[in-house]
């Protein structure tokens, strides 16, 4: 597969953006392999994802971003992000005591399903160390005191590790600690969480128990980017499974596990493939 | 099809109930065509639906309820409801200005999909009169004053009409008025509403707009029995449909319409077929 | 809503098409409200749907098609279809004895859900005349002899009626007769059928019975354009519903009805909104 | 959790079976925790799954089967299977070169999701040995010659291994060899396969490619028991995922992987929990 450049762009809607950008790429010998765009007429915003082959592209890689900025970003008041398909993102996994999402992520990684690197797994417990070792990935434990007195130090140590490993995004694979503001600020819209309910129903703790108590006929799972407000960040993916009166809180936990795995994996896939733009606490996911 | 008797029963869980009841029916010449049961081990409750052919059943129809009561209801502290398949329930439809659920209910009714009678449609507006007339069903309008000053009189008039027509249950086909306590008390767990969200998410007004604002990736609809608390009664049926960032509040309304129709129709089907027991603000739906 | 022009175009893939067309529209004062495109890299084909407002568009309506043809169709070897949003398509419904899809289509039509006109309903039986009359739509019966001896005359009479009513596309709402080659030739990719199975499983007669015999756990429905080969035309939409061992051929028919209605309605919506391109016996459905 | 006995029974339908069996269990001090039954009125067959606690049950474990046989099996011409919840089944996995189902099964096994033992993994290739080793499960390779000349010897060796390991059922985790008649005869309705299509559509090789060529809008996966006829055994579970014109055979393979994992895992769960009866090439799955 030829290496490609991927541009994610959004700006106030105006005429002519698509034709300008596609002409720029085409005129410089780039073969466009994918283009998807979306106009939010309510917010008056334009979103685009465009991917083109670099093989015969006349502009050198390290100049592209600068030229795009000069030619278009300023003119259209656009926010641009440029990626290259052969530079995979580096992903850190945070986990606590439940292994199902972790196993699923690592099996996908090891079998080559994703173009990603996973240099480290971070936890507040030792429980999942054997899984990390099975997959030969370094496992770091940062225990958090019950009184939360060491949260600031833990955050500092984690940030230091993440920087050292040049981590580009974080996946919370059922990590049961509140993510600190410093971490969120360092990785804005780059921390993916899986919440075990169909948000915004059943925010917070024990959502399966809440669902059982309310007597719903369908349960869900939601992956979203982490923001300062609990379970309220931009939603990336949701899915549901039908339940009946026969289900107990325990059987919901069991059914939910499969849902959590698949919903988290889909969100991670979209993120790795650079398909997600965020705006106004929502996601726009382009082909 | 032979006429059948249908018994819905629930009581505190104990041993031997199934074998007692099935033996009673079998010993009296009843051929059981369906039996489904459920034990809620958390609440310690037993639920059963049993349906048997009346053809060679030794006990006369009008004695069955009394005998069941004498033999089992008291002994097991059970709540029993007995129905006969050839005595269809009588259903009233309440509607306001939106016709999609109304059309769907009436088309099912007219094409013989349900064993039900629909002697009247009640509204607070004239808008849907032409639909009622198309299907030759009497249409009654009880306008409600903007200041709600006549709510008590309207309720009284409606109750009078419902009694006169011997209505056994009510379907709110997107009826946009709060149901009064008197009506709820007269029809406990016998008023079926369709709410256009995946409850408990987006209770109250404008749920599609709420869903769009939150940026969910799936929307839903919920049919439930009406209780005093708004949108909080026992859930009968839910379903969902996937949406994307391309959807607007308007397109959600459009997509939601099909969902509302199907979810409401499924709930009405279960109710007509006497499959729903309610307990602890939940439904148990037996085969 | 301002009237818009909608262009559906497909041609062998080459560079520059999008930028050419979007520039043409923009340069002539057209405000693009929707654009979606797709490249089939396997077949080497490019597909595009583009919709723009006509209000300030410099080119007169009746000149647009010609200019597009001159400028682009020949140059790119493209097949173009141009539509105007304020000229609704005219749809004929064919029906036999089952009314559920017919009711659903007519209720959507009457409640203004679609920008379409329905000047006639055609049948081989009298059974659904009362439904047509309920909705005040002319109903024409063309009985077909058991020995099929009058098929040619019926086709001729139907074609004459369809021409007289300027019908642009046909919907087979569970029409239980083979569509003749002459009709297919007159309406290529413009006859929408609903088949009551998840094609290509269970082609032909009695698919629910076939599904029950095979013991599947999910049944489906498929809407497709009619071609000469039975149930083998381009698929527009499919959906499924879960079943269990408890289902009988009869209950599958019942569950399938709701599926057929929704799958057919979705296909008709896409067709009315001019979102479907066909190529190589498949559909490309653009936003 | 108390150990339970699970009885799966089917026989020609007659009156009184449920009451007889439940009375037998109750009279002997057994507490019934689950009962589900089903009457196939078309075939005239009765199916039942009943589970009861052994703690205060008056009859010794090793006598139960015999007594059931004496009292009921002969009388009702019933086929009975008795299991004990604390004697987990022993499962062999067959795999070829694709690891996604294998990883999923082993992760569930290792994290204690199932009451099962997995004493061996069997393959015709070395490729998945590292996964087996990661999870510390013995891995046996039986290479099959291209000309299939050694199939009989391989079958014999496999049967010998399966017997030695007291394997009760086999899971084919995308095993790409035809299962031999001898193996099928030794494990009737105890070999679970995952086929990567929505059967009966796309039987045989390359189903994703077949699906792409046909232009379907939904793809599926099917788990079934293996019988002599290819992909035609009793279906246990199916599920589907929506696709679009944008999908290629490669992306279908990718989307299908998640479907295969989940559909296979659900079938294995039902089998392990002894919920599946087979009759007339179909499955009856009881709660």
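Every chain is named by a letter (A, B, C and D) in the order it is written, and numbering of its residues begins at 1.
What we mean here is this: a contact is a pair of C-beta atoms (placed from the backbone, for glycine too) under 8 Å apart; a residue touches a chain by one contact, two chains touch by 3 or more.
Only a predicted model underlies this, so the values are computations on that prediction, with no experimental measurement involved.
Relative to the C-alpha centre of chain A, the farthest chain centre belongs to B.
Taking the options A-D, C-D or B-D in turn, the interface that duplicates A-C in more than half of its contact pairs by residue number is B-D. Between chain A and chain B the centroid-to-centroid distance comes to 42 Å (mean Cα coordinates, whole Å). Inter-chain centre distance (chain B to chain C, centres taken as mean C-alpha positions): 36 Å. The set of chain B residues that touch two or more partner chains comprises 41, 246.
For chain A in complex with chain B, the residues that touch the partner chain are 38, 40-42, 198-202, 214-218, 220, 234-240, 244-246, 248, 281-285. Those residues of chain A whose C-beta lies close enough to touch chain D in the complex are 99-100, 103-104, 107, 110-111, 113, 134-135, 246, 254, 257-258, 262, 265, 287. Residues of chain C that touch chain A in their complex: 15-16, 18-19, 22-23, 26, 31-37, 39, 41, 242.
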